[in-house]
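Below are two complexes that have chain A in common, paired first with chain B and then with chain C.
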Partner chain A sequence: MAGNPKFAHNKDAAGEPGMNRRRMLAWFSGFGLFGSAILSAFSNLVFIKPRATYGQPQRFNIGKPEEFPSGTRMALDTRRVCVVREGDKIAAISTTCTHLGCIVSVADTGFACPCHGSRYDQDGNVTGGPAPKALPWYKVSLAPNGELEIDKDTEVEPGSYLNV
Partner chain B sequence: MSQAVKPPSLWTNMRELPANVWHSLFRNPLPSDDLQRSSTSFTNFFLHIHPVKVNKNTLRPIYTMGLGLMSFFLFLILVVTGVLLMFYYVPSTTQAYDRMLDLRGTVAFGIFLRNMHRWSAHGMVGVVVLHMCRVFFTGSYKKPREFNWVIGVILFLLTLFSSFTGYLLPWDQLAFWAITVGTSIAAYAPVVGKDIQFLMLGDATVGQEALLRFYVLHVAVLPVIVTLLVAIHFWRIRKDGGLSRPEETATPVAVSVKAVELKKNKTYGLQGFVRGPFTKIGNTPDNSVFAWPNLLIAELFVFILTLAAILTLSMMFNAPLEEPVNVMHPPNPAKAPWYFLGLQEMVSYSAFWGGVGIPTIFVLLLLATPYLDRRTAGVGKWFARERLLANTIFMTFLIVNVVFVIIGTFFRGPNWEFVSPWK
Partner chain C sequence: MRLALAIASFVVLIVHGLVFYQQFFHKWENYQTAYFDQARALSKTDAEKAALTARSPRIEQSLVTKFGENRVDRCITCHLAMDDPRFKDHAQPLRTHPYTAGMGDVQVNGKWERRHKFADFGCTVCHDGQGRGLQEHYSHGEDEYWPDPLAGYIVQANWRKDFSTKLKGKDYMQSNCAQCHTEENFAGTALVDRGRKLFFANNCYGCHRIEGLSEGTLGPDLSEVGKKFKIDYLWESIVEPRANLATSFMPQFHLSEQDVKALVIFLKSRRGVNFSETSLQRYRASLNAKRPPEGAAEPVALQGAALISSGEKLVTDHACTACHKLGSRDGGIAPDLSFEGLMKNESWILEHFKNPPSKIPDSIMPTFRFPAADFQAMSTYLASLKTPPPMPTPADTFKELCQRCHGEKGDGHGPIAIYLDPYPRDLTKAGFINSKPVERLQNSIKNGVAGTSMPSWGQVLNDNQIQGVLQYVFTTYTKEPRKEITARKVPEKNPVAASAESMARGEDTFVRRCSGCHGRKADGKGPNSLDILPRPRNLRNTAFVDSVSDRRLFESILYGVQGSAMPSWIDYGLSQNEVGDLVNFIRGINARSAARK
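What follows is the complex of A and B.
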């Protein structure tokens, strides 16, 4: 097209073909098509990332505080969380091993993973084995109906308890 | 011509029917001369992937060992057995395991098909690695074959991922914990790790969503991508000038032209080659042979060998099926599929570097290999002296990986502690 005399007047000083209507439309179409492709790829990504999961809910009630007397260390295996109560303070510690995702069991010294031997103390800090970091603590709150609610989507600082 | 041709009688029509149908299906007779041999590539849909002639070096068993073909045939076996297994499989956490038991108990040839699928899957991972080794040690990734090497590396990763997604489907303890461990390794990736894990599992932990996702990836998404890439991989072999081979060192000599009616010094293009009488063309010794039947027989041989090996394995060994999934009782040690045990072994030293850092560097190095190592010496020869450095580096990586896989597979017991397999 650059050689077409009809468009010769569109060449700029360097001899390069400058912007003309046809060229601009080509650029716009290119951007449009390419942009649409990227957007649709992105929308696919959004599509396959579930907004609601059908398995275990991440936020759930576990019962009234009275059901967990002081000194309780009760692992709820299906929920993958351990409810800890000391005096009036209640907390929830994850029982999913930070190493490779197995369920840790409650031991006298804290937690122990049966898969690859990671060990944690009472507060979930790593004391041995391949685990790279401590077990996370989850937010515990009192639901309006008086039951304890654990939110596994919200991690809290280890050592932060709910006072009941 | 003035006389109209008499239409054949009904009786003649019926008598000639089988032959007519046959000749409409196969328009050409079995080749009996070189012209017909060359035209097999043009007249048969399934053979048109073949060149007319192949270099003799391509057919040397010791050169390729048929490894690429073997990977392809294993993929074919996997597709056929996989589709058959789909008739009975349900990707549901409540039904999948029962369906596995049904395959073993009530479905005719169920256990056999499952064995074939399982052993072909493991075999394909192994053979694809060996194929990659062959290509590396013969320097076959060099120009102009750089991009076909890149496609090959992607196919290798897709093979691993296909195998990994299939691993979950029986929904037994082995499957569940292997995928739990495997996806946890992926979660060690910085920034996006957790998101990748969540996208793969469709949930925080391995469950129904993960089973469905892995199923869809395994039976639809990945096979389609692999098929497409294999087609490109094959097509590029032709376009890159066939398989790699040593440079022709012989000095050009005059080759007598067979057909006397042709004028000397006249060169013929492919069209003349096909239409006219066959002649030997060019001024270098012809090191090629016709694809029909030489290449075809070689391919059939590799196919039968592959199929025989898989059938034998499937008759001798049953695919493992452990207890149904019990989330409360992880096995000790919980192990990823064997081809990821090298990763798991490295993860036990350093979570990030072992599981993500080193593998990523390794894959990037593999992808970049043909663009980093561009010397053309020593192509087409196993372990060429000119390629000593490159081969040594690759061999080192290979041995380290294999050693890690072996340690992870055989030498790791409860709590991932070192155990001796001979105890």
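What follows is the complex of A and C.
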């Protein structure tokens, strides 16, 4: 095409009013303002969700496997888990009652909640009381420094143990 | 207009984008991603790899709830590999925290086990810094006004360059070990111990208070000095006490660099807290500490040699030599006490102990609040010191007795002169020395000058020695030959009767004529006084004023004091009666203060 390439570029095939300087600036301004509005709205949404809370960390080390001999059922109250070891198999069962969140205590028959009398068996299945569902099991793994690591963010099927 | 709007809107967009980027994309996310990648490469099983793949960056923190006050340390957010032994050769921040036997770590079956687990103790308990900070300048503390940057690792950009190389190193960590390991001779805090010993060996404890250690009152309280100041400030304050406070009279101790370092570490460990305790536990402990011991025995009144030796012990314990000279120890601030018994008697010393300004009104010696029995023992001990140093020649005499105040050059600028008020006399000022009769100078040496730090040397030196040292001063310092002193015609006794009217007239004259130098309070601190050396006399120094005869007051006022700024007031038209009123006024203000005592 002949003539000034700038204007030629701005005409489209349908012959509609071209992208002159005025329109282009308006588009630019609109894009800038709209973009920053979206960004700030998005930032506000992200901001609402806390990045860190003052709860105990969800992934933590509890010590060497040797510290939990076979047959152990040890409740760690601040962590709200019960470490269970049978032979070479280790698992971690939540001690937060599924009813209203009290800390359940370890009993001979399994777990018993002191608040409203919910009862669970050794594997955390509900055997009585108002609790709606079984106690979750958490993932146990071996950290690189040889300690057991419990990840409360990852629930596992009841009955899945870590072999040590 | 549209162009401006377009540009402005783009600027807004860019600023928004930058803020968004800063707030939601973090360095620590990159560190964590790098850790996941590197750990994946190092892991052996597929399960491990899968677990690492499932992890995404997030803020990691340890909440310390069972050790002292609750603390939140998020250091692990960046230093994710600190408990992963595979990363021991990696670069920071992804490096394994070193295992050292010094921290109590032990090796079991070839694998290290930590004594201080990070989940139990946190990080900032040892390293300082701000546990919640997620950006380097917040957490490590490159902030001028923040006293707790990462101990031993961070040297701030604005710190003094000549010190900065000395302020780094893991030795400084000992000040933090000592927060919990407060026991002396703890193997891990050798430098804190050394600093503590230096604190006592150099008499720091005489002036500075550290809770539980010392009770000094002259200098600042150092109980919480480690909490308030950074190590560079502490270092500077020890090496150059006047660097931050021009009026400080703390002596320069000329310590070796190692000693300064030990002292800095010791001082940095003084924070008034023990990390292993909560504030409630600390409060309980302080209550118990203040309870007086039950069934304390009545102190036995000591006699004779026992009293003297207990006094000697007290003088050592109370660190008198932090300022005074006593035998071989010299604090370099206050007068020599080595043969105090020859210069002062026991009752003078005792009264001076109880209230130093009662004897020397402008003394900087603090009024210590020791028990009366302690004062008695110390006075008896000091009064028993009666061995003068050997001084075969007048030059030795001057060196031994005079030089500490009057200076090597005799110019009144001896090493302790700046701590004395009034200043020692400048012996090189021929105008003064040669205008005073030899008898008066001899008398000043023999009987001292009341109300000043010039002691009476009458028991140390015999008349010949006094004559000798005076001659030595004339020839060595004054130099100008003595001339005949013209006798002035002044009354022996004040001819004006002391009455309220006379004193009022005197006060009026004083305020108009004298207060420019001697001050409105007649305390020698008038507006011009700082420009004048020798300083104007403090006319409220009762001991001094009482020791001066009317004749001398008349002479000094009427004919001035040669070699000082005191002019001859007869030239300015003061009549003898006006001077008489002035003398009555000066005597009057001292009589009142004497009556008040």
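We adopt the following convention: the second predicted complex is superposed on the first by the 119 of 164 C-alpha atoms of A that agree within 3 Å, B and C clash if a C-alpha of one lies under 4 Å from a C-alpha of the other, contacts with A are read in each partner's own complex, and residues count from 1 in each chain.
The definition used in the following text is that contacts are C-beta pairs under 8 Å (C-beta built on N, C-alpha and C of every residue); 3 or more make two chains touch, one makes a residue touch a chain.
What you are looking at is a predicted structure, and each value in this text was computed from that prediction instead of being measured.
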Which of chain B and chain C A:Leu25 touches, first, second, both or neither: second
First, second, both or neither for A:Leu100, with chain B first and chain C second: first
Which superposed partner A:Tyr54 touches (first chain B, second chain C, both, neither): both
Comparison of chain B and chain C by chain A residues contacted: C
Contacts of A:Pro69 with chain B and chain C, given as first, second, both or neither: neither
Contacts of A:Thr78 with chain B and chain C, given as first, second, both or neither: both
Chain B versus chain C as contact partner of A:Gly117, first or second or both or neither: first
Intersection of chain A interface sets (partners chain B, chain C): 54-56, 78
Complex interface listing, chain B residues touching chain A: 177, 180-181, 183-185, 187, 195, 198-199, 202-205, 207-209, 213, 327-328, 330-334, 344, 347-348, 351-352, 414-417
Interface residues, chain A side, partner chain B - complex: 45, 48-50, 53-56, 58, 77-78, 80, 96, 99-103, 114-117, 129-130, 132, 152
Sites on chain A touched by chain C in the complex: 22, 25-26, 28-33, 35-36, 39-40, 42-43, 46-47, 51-52, 54-57, 59-61, 64, 78, 141, 143-146, 154
Residues on chain C engaged by chain A in the complex (per definition of touch): 2-3, 5-6, 8-13, 15-17, 19-20, 23-24, 39, 47-48, 51, 54, 58-63, 65-66, 72, 74, 83-86, 111, 113, 117, 119
